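Shared between the two complexes below is subunit A, which has subunit B as its partner in the first and subunit C in the second.
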Partner chain A sequence: MSDISYPNGAHAQKSLLVQDARTRKRNAAEERFRRMGLVAVTIGILALVGLLSSIIANGASSFRQTFVNLEVYLDPAKLDKAGDRDPAKMAKVTTFGYSPLLGRALAQTIEAQGISTEGVSKKEIEALLSKEAPATLRDMVLANPALVGQTISLQVLAQGRIDGYFKGRVTMESAELDRNISPAQLELADALRAAGIIDLRFNWGFFTAPDASDTRPEAAGLGVAILGSAYMMLIVLCLSLPIGVAASIYLEEFAPQNKWTDLIEVNISNLAAVPSIVFGILGLAIFINFVGLPQSAPIVGGLVLTLMTLPTIIIATRAALKAVPPSIRDAALGVGASKMQSVFHHVLPLAMPGILTGTIIGLAQALGETAPLLLIGMVAFVREYPGSPPEGLMDPASALPVQVYNWTTRGDPAFVERASGAIIVLLCFLVIMNIAAIMLRRRFERRW
Partner chain B sequence: MSLGILSLIVLGLAGLGFFVGRARALAVVGGDGRKLHSLPSYHGQSVALFAALPAFFVFGVWLFVQPILIESSISGTIPDSIIPEGGALSLVMADVRRIADGLDVLVQSGSLTEAAIAELSTETTDIRALLAEGGVALGSDVPQPVLAAASEYRAMNGTGRWAMTGLVLVLAVLGLVVSLRRITPDLRARNISEAFVKALLIGASLVAILTTVGIVFSLMFETINFFKMYPAKDFFFSTVWNPQFRGGSDLGILPLLWGTLYVSFVALLFAVPLGLMIAIYLSEYAGPKLRSLAKPAIEVLAGIPTIVYGLFALVTVGPLLRDYLAQPLGLGTSSSSVLTAGLVMGIMLIPFVSSLSDDIINAVPQAMRDGSYGLGATRSETIRQVVLPAALPGVVGAILLAASRAIGETMIVVMGAGAAAKLGLNPFEAMTTVTVKIVSQLTGDTEFASPETLVAFALGLTLFVFTLGLNVLALIIVRKYREQYE
Partner chain C sequence: MSFKVSASVLAIAAVSATTAFARDNVQIAGSSTVLPYAAIVAEAFGENFDFPTPVVESGGSGAGRKKLCEGVGENTIDIANSSSRIKQSDIDLCASNGVTEIMEVRIGYDGIVFASDINGASFAFTPSDWHNALAAKVVKDGQLVDNPYKTWNEIRADLPAQEILAFVPGTKHGTREVFDEKVIEAGCEANGAFELHKAALDGDKKKAGKACMQLRTDGVSIDIDGDYTETLARVDANKNGIGVFGLSFYQNNTDKLQVATMSGVVPSVESIASGEYPVSRPLYFYVKNAHLDVIPGMQEYIEFFVSDDMAGPDGPLAAYGLVSDPELAKTQEMVANRTPMGALN
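Then we have the complex of A and B:
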């Protein structure tokens, strides 16, 4: 037979130990293909690493902030002309009344340290401080009028450009072209830092302060956004968990196999794939225009995100219910439980870990969602904290991802740092939620 | 009586019903629960349901119907003469409602008595100034018929409110008493309460349908309004997008569609080969160690919010591409470009393609691979000539799903692609997409009467139809494929 297999005898003469040209080619192709796969995986992982490291590199510095330590004399002649420490009368002094006090205090401190202020005008010294600083001081004084007449030591925010200088964002060259800062001011800031008057400290205000206007990026914080996001997550949790679980129980345990349930199922899988911005249009048209709920309110955002999260939760819950073996149901029915009792007393508790895992993942998705919130007006500039629920749900608020977007649309590059920092906060929340989901699954997962 | 207190009372009655019903069920059989058809708590539940449900039903319907009835009867009394030139009846009615609310506020704060309101007249008092005290600002002075309509409105609302409160309370008590009297040992209380629970479950599963209906209706309604103001032909076939806030805008969808498809194409060009190769490598080549490390890492990409990708495009990828590719090659000076958005969106889509294709590749039976190896094929030959053709329909489905994702993606293109509506081929130029324009037309103060705003709904409908079509197509392809091996 072998004669017939090798009609021309070409192959038979070669040694098995030496690859012929065709085999070499095929093996080379094999190796190439494998390498291509490896390269693809590497690119994928590099993309992840690049994404995260770029965000962290840009944003990590937002957790530290430049502060100026000052001894401020609160001059009664300026702050309380009537002299009776009545907050209502003192409120007539605006922040413009407070900024000279701070400027003078800074100038005196500089003088006391013996630092030369050559080439820096008095106004420019005052400009080292943030425009937010007088407002902070004013709030402090109005809250406690007894401070007037005393000398208090105070830490106030430094101007955004000074902050940027210490973080490497602003350089001497860029300061030449910048009308908000001059190289001389930066040199003075260097000297002040060496003297310990200016220092970088952990930035609590980033987590608690509300948003700030375009000209004072150093004061901008995530307080309102975190609160708004928390409110929305509360609504999403309270609505989507019961509705999602109820819908899945019906579809998985009770629904007859007919056109209607088919329609509902196709619907749910389609909803899961509808672009998120369409949900935003829905929210705008139905909840705001038709029902008349207020714009920018966490309640509208919560409702829209609930509708978006529902398919995720339903799909996860149905999988969890399906994983409970039929023998459990049969045993319950066998001892006389009704169908409803078997589901609510036995199947649902066993499926609960899976349901909760799905819910947390759905919430994590909802937390990062931006596009629909833009349409329902959550990009608005909000400086007031929303009230406590339930009324607070109607107050205007922001949300974490929307705050990020909002900051990226502003001109000052300091806001890019803030936006990246906000993303780090957002990602931390997501990581915590996902770890909770994984732990829940590990801890309670049951193999039947 | 406020609505909150009324519903609390009804809920309280229902709670009371639960305990009384449970106690009565036990009392009926002399404390021997075995003689009851249902457990005592089911009797309690059914009493609570009978107390609460009819009352809340009437409550809800009344709240919905009353304003409609009152509006129609009041608007009949307003003479045509006071409707301002070019104004509408609805504006006058809005004034009526505001005046009525303002009077309510004044009464509540105690600065006005009911008797004083009855004597109010536009000739003796300045209603506008009066209401301003109560914090209600009016646009113009109030004519006498409007004031009369407002007091009529208040009176009817008050009567309606009282009638409703009475009816709801009577219904709740009636339900409570009747269902309590119905309790016998044989009453199938469990069936009653379970039927109710089942109705709740069905209601919950209808939310999905309602959402879809809501989406379709809200889009359709405003889109039809839009086409009444702007010709459909121009919308679909014009190549110019140039909204003007003074009117006379060009709102052609073609440049937006082109931008959307171009960005999505670039994204898929990047994501499909990469995702596919990753899926192949991880399922066919990688050892368990690499697999357990690389697979979750790739999937993390899927869990990252799109705003993060958007920022990545804006801050890192855009400037990089501009400085190292576009400017040296002289192709563009903009950091937001089709390529920026496409590349970053491609990264977002990698896990989408790879995990879907991974499932599909794993679903190809091992026997087919073994057969191919047995014939002497190498691994790559097996993959390319046996596994991939067998998995092709599923992979195509996955690609279609990824495409639908790409078309509907918003934040990456908002932050990475730019805002200029252009029909061009240069990938380093900024272009814009349907989703970007929806965002820009609908954010900020919008008035729902101009085509410039309403066009967003037409764009949304187009987007919805596109993605729905792609999803359905993908679903059909995937379903057909599954039948082959099951």
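Then we have the complex of A and C:
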């Protein structure tokens, strides 16, 4: 090399142990860049930790729930006036007829334990129980009319504020100001807990129960939402995987390179960036108004999300197909395979890990989507479980992100806990899907 | 490509649609104010009857009425919840789509309350105070001037010396209409701004009314387009703020909010029912009569909604904050007879 770039003599004096000015400058630049990168990563991690910790702090308690253990005497005079245990006639007694029964049972239980009920009226004792409790009891009795006349032991939900008290959300001070609960009721609840009548248990209902109205947040669960989301993911998977893969194979392996395929390529990339609400508008116009599919049904939601997921899958699949080296195709063609044989016997299996990863990421994206569901009537209060597929795909259902949105708009503060709990459940599903994608890639990916 | 994809999906959809389905649940959409009440009724209905629980969607009063008027058939909704009365344009749209018989059911009244942080100062407002606080132009020394007020005690000496900051519902909310009409416009007339506006606009009453409702835009009045939960969060974050809430929402959050009186009256189910508390509005739902015999359980749901057990003064709806309608018996009779609504008056 020449020493044109160095001033005369400078080269000769240079020691290997002392950095010259230019090297120092370059090293300093590198150091700065490293620090900036570290700061960027730290900001990202802090944001994530902040988000997760606020969600978990709010929502972890939704996995536990307060229950009341009761001995209830099922008075035939109240529940079966005709006396012939005919469920059709007994169904005439509504939940309004069952709630005094429960109130009395709780009052008797308290009395039997010798707990003072000073300052708490009869009505307030009854109010310790969830409004869901009479429905639980009524369903039990109608399912088994022989229970009437017996004393059965039963565990029912406690009212949301009592539940909140044991979880630290409601305090004596806030109860003072709260028209839905009084400090005396909380003290009674404390005594009942000490006596073992009230206890906190794992909340299975949160995963299985349907949504509940604003007056009973303690009964609200994700059952319908999880089913609805599962049905939609099933539809998205069954439609978008074959369509997306077939389209990509054609475009990548068979289609001629001309301005039409260029145009299509640009359009697919554009579609991937279209705001998801646009697909909802499309779904409303085509699937509901034109085709006549029902409102609020997972089939429509699934179709809309399929449209939304397709571009993602096509782009991922094409990238996976492109990554298979041409030598594989040439070798297959060289030994006499047809074009189709070379694609399906050799290229596609090698591209499969990439395709599956793309599909799972597309599905995860679809699972968390709310906006397109807004327009097709899935952002709704749905309490009936959808039937089993295929007919069940036509039944109304909710979806996980929709349930989160629904609960955040409710007036009762107990729904904040529920919403955060639902976010945790949704995040768990997403993490599982993403881990599956990573594992598939690690396990089957081949590098050349 | 995009065309091919949607075409193939469409084909699949069309095939699945041919497997005929009959909807067996009632489908409801509309006002987010009516939604909690409708959900409470739907839940109790599903529990106590042999019909499936109705599906209740929110989305706003206007959107719900528009959906109701889309036509007759199983893929259109049966009932629209609404926090404001149906408009002639809705009725015309309905008629043009073959929805001729609509039943108007008034379920009760809803109060609109002004509430601030529980630990802050207490307020006793009049509509005139609110107009002075939020209007773009107010009366000062007999003149219309740009709103100069910064704190409440500048408006009226016995109000607290607290910065004026209000979270009012956005214009897409039915609540805003009531706020504009019963608070801002009423206040405008009370403090004399209306007369001055009218004089300035050559006696045009309509334009004067509009000028009255013009709110200031210097960040003192903040429109909340979300739900009451958002308003609550804003009041929580800014202790000087005063939020506009529905009575039922306030009643669920009495440990965080304190309510202001309006013209000396404390808002409550009783004071709204008696008409003493001025800021309230009726809530409705609109029924597509053509669906009554087609959708199982629809008639039963409507009758159950207006029954004394639910909508009566001791029912669960009143407990949640709905002010029960004194003329409920009339509504029950109308529902039983399926009397469609007449022309708007």
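Criterion: the second predicted complex is superposed on the first by the 408 of 448 C-alpha atoms of A that agree within 3 Å, B and C clash if a C-alpha of one lies under 4 Å from a C-alpha of the other, contacts with A are read in each partner's own complex, and residues count from 1 in each chain.
By our rule, contacts are C-beta pairs under 8 Å (C-beta built on N, C-alpha and C of every residue); 3 or more make two chains touch, one makes a residue touch a chain.
Being a predicted model, the structure only gives us computed values, none of them experimental.
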Message: Going by the contact rule set out at the top, does A:I286 touch subunit B (first), subunit C (second), both, or neither?
response: both
Task: State whether A:A82 touches subunit B only (first), subunit C only (second), both chains, or neither.
output: neither
- request: Please indicate which partner A:S296 is in contact with in the superposed arrangement: first for subunit B, second for subunit C, both, or neither.
  value: second
Field: Partner chain(s) touched by A:A135 [first = subunit B, second = subunit C, both, neither]
entry: second
- request: Name the chain, either subunit B or subunit C, that contacts more residues of subunit A.
  value: B
Field: Which of subunit B and subunit C A:A331 touches, first, second, both or neither
entry: neither
Message: Going by the contact rule set out at the top, does A:P396 touch subunit B (first), subunit C (second), both, or neither?
response: second
Query: Of the two partner chains, subunit B (first) and subunit C (second), which one does A:Y405 touch, if any: first, second, both, or neither?
result: first
- request: Report for A:L177: first if it touches subunit B alone, second if subunit C alone, otherwise both or neither.
  value: second
- prompt: Do any residues of subunit A touch both subunit B and subunit C, and if so, which are they?
  reply: 243, 247, 251, 264, 267-268, 271, 282, 286, 289, 307, 310, 374, 377, 379, 408
Subunit C - residues contacting subunit A, complex: 1-2, 4-6, 8-10, 12-14, 16-17, 21, 23, 25, 27, 29, 32, 35-36, 38-40, 42-44, 46-48, 50, 52-53, 55-59, 70, 73-75, 77, 118, 226-229, 246, 248-249, 251-255, 309, 316, 319-320
Subunit B partner contacts - residues on subunit A that touch it in the complex: 26-27, 29-30, 32-34, 36-41, 43-45, 47-48, 50-51, 54-55, 58, 242-244, 246-247, 249-251, 254-255, 263-264, 267-271, 273-282, 284-286, 289-290, 307, 310-311, 314, 338-340, 364, 367-371, 374-375, 377, 379, 401, 404-405, 408, 416, 419-420, 423, 426-427, 430, 434
- request: Mind listing the subunit A positions that touch subunit C in their complex?
  value: 91, 94-96, 131, 135, 138-139, 170, 174-180, 212-216, 239, 243, 247, 251, 264, 267-268, 271, 282, 286-289, 291-296, 299, 303, 306-307, 310, 374, 377, 379-384, 390-391, 393-396, 408-413
Message: Which stretch or stretches of subunit B touch subunit A in the complex?
response: 190, 194, 197-198, 200-209, 211-212, 214-215, 218-219, 221-222, 273-274, 277-278, 280-282, 284-286, 290, 294, 297-298, 300-301, 303-312, 314-316, 347, 350-351, 354, 378-381, 383-384, 401, 404-405, 407-411, 414-415, 435, 438-439, 442-443, 448, 456-457, 460, 463-464, 467-468, 471-472, 475
